[in-house]
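In what follows, chain A forms one complex with chain B and a second complex with chain C.
Here is the complex of A and B:
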């Protein structure tokens, strides 16, 4: 019966192709706008590492001004970054399964030969556990080990784009690359990797591309590296050297730990509290004890990665779809009621009200799905246009979930548009129309 | 087959009540062929709609094929229409964008019959009305008589117990009208009860039993004690009413 009713729906649409096209376009526009908005919201609010986001914790200690909170709107929150001296101390813990401090910087790269000029490149300073805890995929080679962390050894990992730029995409493991004034050996090349949002550091461009080069954290004092991202400080400190910078209360480093169960998490929480209490004795970290371990999703939520404007845009676009669907109600009502004599015949021949209702609802859903297909194609164009406007390259795209969401929205739109006209036509009195044909 | 007792049907508008049928009784036996005559507005079509479960009545009882249908749900009535009743209309009422085969297919679709059985039944029905070779034609490609033959095929394709024909020859010339009457008689001979509304006395008299309606009441010529004088086949009392 469904196939029969589907055939009748297409037959009905072909009866007045201009009107049908108009309705499909109306739904299509609504779906395009709403699917694009839902996609943006979906990407902004998605879990970038779902299989372990609940065991990865961002480490926060309240190292802000003694008399006022870091965020006056959310006084329970602590600063998102740590000072270098706190990081050095916290990295001594043996409790976490994995742990890394990390920050973003920019260094000079000197390619071999004369073909390419030196250039500045974004670099992430991190520990070896960074690759393990965030499941960073490798195309060639691997990350470095603990020994390379401690030495530090002059090894680096580069991403696939950098490998393509410098080595034409060939396996560059074992090749050397001069950074600043020193040659580093490439020991790993990342496969395509673009966590969205960039959970390990949402302080700068949470939807941007990950860094091009990864270098052992302990080169920070060697090259006197400072960060190339957000730096926070609540006090004025005279800083005349890099060493003074490292020993200051300036907050510029993120720290993550992997804690696989509650026992481990509690042990690390105790470790954090003990460290801060010890520092308090030395006159530091004067705020009330507020050491926090936030998992990935809590971190992203607290960092307000999804902008309020995106949420508003989502609501407005869904309302736009509803308006498009409501506008179709009148058109569908006129179209269906003009068919009352035919429905009278069908009722006389045995069609129940329910059957007539379903037949017309299917027609509305066909309009919805055709409109949805058009809308999905349009939304791809909308997202491509947005991607071109964004400086950090392509990041918005329709995945299967969003295609499913778009089709679901189109079914909902078809239902909104069709339920009243279908109800009206199934309640026409057949006897009235049989004589009038 | 049909047993109506004390049927009242009133059409109401904001200011006017029209009694279409009042205290109406009718009994039709299984296999009968009755013609229903009467002036315009006498309630013929209303009666046919009530018999065909296309309209509801305000008072009385109605037993169709030994089943009380006075208080059935829409779904139950649709089922009975689909299984037990075939309809033929004056204006043919074929669905214009379905071909002949698909038009005859409509009642079988609502019956949920398998495709193979439907095809056999439709081809047999079209062969009976002499249109087997036209099954792919659209209604607009057929003459009025041919269209009504398709409507007849659609009415009996599902093997109904009752066929209701509302002025089935009203839009046809006399030759085509006779063709349709021949078909109805043929169907009736096979045991199907036929109730036909007509304005044509000659066609009405081809039915073994004629009933006349006047202002919503029944004059059954067969059950009258005294013969009613006829003018052109119409009872004298009805002739003034403009029949």
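Here is the complex of A and C:
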């Protein structure tokens, strides 16, 4: 029966190809625009590490001006970076399952051989736990260990793009690479890894590519480096050397801990509070006690990674789809009612209202699905165009969920548009139309 | 006029007309809101920067040679770079600079009138030498430029004893010194620990974050080339010379000193990068506006065509009873005019509602009334044009059609 109705639907669509094309295009445009915006919204607001987003916590200490909150619009918030001296102290804790301080910087890389000129590359300074807590995938090798953290040992992890650029994609574990003034041994090569949004550091370019090179954090004082990104300071202090910079109240380092249950979280919170109270005795951290542990989604929300314009686009494009569906109602109504005499005959020959209704609804859904497929194809083009326009290396793609969402949207649009015209046509009185012929 | 019969006919064919009304109303709401967002983005992109953006090149050098660890060497390289750049005939002037305007990354701080009890005002700063003003192409409207004696290097430590002089934009000066008398006044940080003297005021200069609320609060402070290993230069080209320079500068800089990575970009390119999201959003909004109007117009064509087809015999009867062709045309156009009018009235309310929602949850701008009136006019015209096509078909209906099938 379904196959028969499907055949009828296609037959009816072929009868007036221009009108059918118009309907398919109309719904297709609506689906294209709304799928593209739903995808963008979905990507911007997604959870990049769903299986552990509620056990990873961003550590914040309210180290700011005694009389002013860090964010005057949200006085309950604390600065979301820490000073080097606080990070040093907090990293002594034995409570978290994993913990890492980290920041983003740029260092000079000297490839072997004469073909390639030296270049600056983006580097993340972090602790060994970084790879474990964020489930960073490796193509070759692995991350470094605690001993390498402490020494620090000259080891690095590189991402797959850097491995391709320097070693043609071969297994480069064990090879050495000159960075700044010394040689580092490559201990691991990352597999393709692109958390979106970049949960571990959404402060700069939250949708960009992760760093190219990962280096033990304790090279910070060795190379006398600071971060490439945001640096905040509320007091002016004379700083003449890197050592003084590290001892200052300048906030530039992010810190994450993994706390697997409530007890562990409470223990860590107590540890933080005790540390800050201790520091208060020494005349530091004079704001009211406000130590915060934010899980991944709370962090992303506070950092407002979803741009406002994305939200407006979502609302507007769904309204656009509604208008396209209303359009479809109008056209379908005309098309179906002009077929009333034929339906009159079918009803007189015994077709039930139900089967007439379902037959027309199926025709509407066929239009919806055809339009949806066209719309999905168009939205891929739209997203590719957007990717080309964005200069920061963001990549927006349809995933399976979004293809499903697009098709679902088109079915819903077909249904909404189809119900009323189908209902009207199945209530056609057979006698009137029989008489007219 | 036939308002009476038209109105009664409307009441008899409610569904079809409600469809048009809802469609027109939604379209007005969306088109007006999108246009408002689009215009705001365009204003932001086109707002004057005060600088000669089209003719400025940005050179970024990242040294890796070991010689660069020696402060004097860095200083010498900086001085010779600038001398070579300035001596080139197609270059108007060049300056060292730490941060790049319009780039989205830079440094900002808070400053207030020295001794004032008020909060500090955010300001973004750039370190340039005495050629900075000419290179940027900004206009000095009060006071004076830096002189050569003031340009010291921070790393010399020599700056400590020298008077700290700065040049600020008018936008910042007006915020901090509402009474005027800017030149010669002191500004300070929040704790009054650091003070500097304003020696000049420039008319306008966008800083690193032109979209932000402090996008035109800019401060220039004196600095020479070679303050740090990584050096940025701004170069202002003679009009028309920028394309040639763009291709030549990297080689020139490397020929002057090999052990460094050199990157040359135009300031326009940097501006486009900073605004890439804005430009993308503008294209999306423009596309939605155009598509909306097309889809709605097609919808009106479709629905009116249907109504013409359905009323063919009615039209024939009226023609047989003596109605002229123009009366039939008028009937359909007035009908459309009425429906669109009702749609636009409801649409106006919807527009304001949607704007409220977008403003509340997505920080959209408030709508200008002119836009609403303009949008309504465009839709009214589009509606009439769309109805004209089927209406012209309606007047070809001849009286005998009315009698044929009876």
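Convention: the second predicted complex is superposed on the first by the 435 of 437 C-alpha atoms of A that agree within 3 Å, B and C clash if a C-alpha of one lies under 4 Å from a C-alpha of the other, contacts with A are read in each partner's own complex, and residues count from 1 in each chain.
Just so we're on the same page, a residue touches a chain if its C-beta (ideal position, glycine included) is under 8 Å from a C-beta of that chain, and two chains touch if they have at least 3 such contacts.
The shown structure was predicted, so the numbers you read here are calculated from the model rather than taken from an experiment.
Q: Superposed on chain A, are chain B and chain C clashing or fitting side by side?
A: Verdict on chain A: chain B and chain C fit.
Q: Should A:327 be classified as contacting the first partner (chain B), the second (chain C), both, or neither?
A: second
Q: Regarding the shared-chain residue A:194, is it in contact with chain B (first), chain C (second), both, or neither?
A: Once the two structures are laid over each other on A, A:194 reaches no partner at all.
Q: Does the superposition put A:85 against chain B (first), chain C (second), both, or neither?
A: A:85: touches no partner chain.
Q: With the two complexes superposed on chain A, say which partner A:4 touches: chain B (first), chain C (second), both, or neither.
A: After superposition on chain A, A:4 lies in contact with chain B alone.
Q: Could you look at A:307 and tell me whether it touches chain B, chain C, both or neither (first, second, both, neither)?
A: Second partner only.
Q: Which partner, once the models are overlaid, touches more of chain A's residues, chain C or chain B?
A: Of the two chains, more chain A residues are contacted by C.
Q: Would you check which partner chain A:110 touches, where first means chain B only, second means chain C only, and both and neither mean what they say?
A: After superposing on A, A:110 lies in contact with chain C but is clear of chain B.
Q: By the touch definition at the top of the document, which applies to A:317: first (chain B), second (chain C), both, or neither?
A: After superposition on chain A, A:317 lies in contact with chain C alone.
Q: Could you grab the smallest C-alpha gap between chain B and chain C in the overlay, to the nearest Å?
A: Once the two complexes are overlaid, chain B and chain C approach no closer than 12 Å between C-alpha atoms.
Q: Under the stated contact criterion, what part of chain A meets chain C in this complex?
A: Chain A residues touching chain C: 22, 26, 29-30, 33, 65, 108, 110, 117-120, 181, 235-236, 307-309, 311-313, 315-317, 319-320, 322-324, 326-327, 329-331, 333-334, 337-338, 386, 389-392, 420, 424, 436.
Q: Using the touch definition from the top, list the residues of chain C that touch chain A in their complex.
A: 15-16, 19-20, 22-23, 26-27, 29-30, 33-34, 37, 62, 64, 66, 189-191, 193-194, 261, 272-273, 276-277, 279-281, 283-284, 287-288, 291-292, 295-296, 298-299, 302-303, 305-306, 309-310, 354, 357-358, 361-364, 405
Q: Sort out for me which residues of chain B touch chain A in the complex.
A: Residues in contact with chain A: 45, 49, 52, 54-55, 74-75, 78-79, 81-83, 87, 89-93, 95, 97-98, 106-107, 109-112, 154, 166.
Q: Contact residues on chain A for chain B in the complex?
A: Against chain B, chain A makes touches at 1, 4, 11, 15, 341-342, 344-355, 429-431, 434-435, 437.
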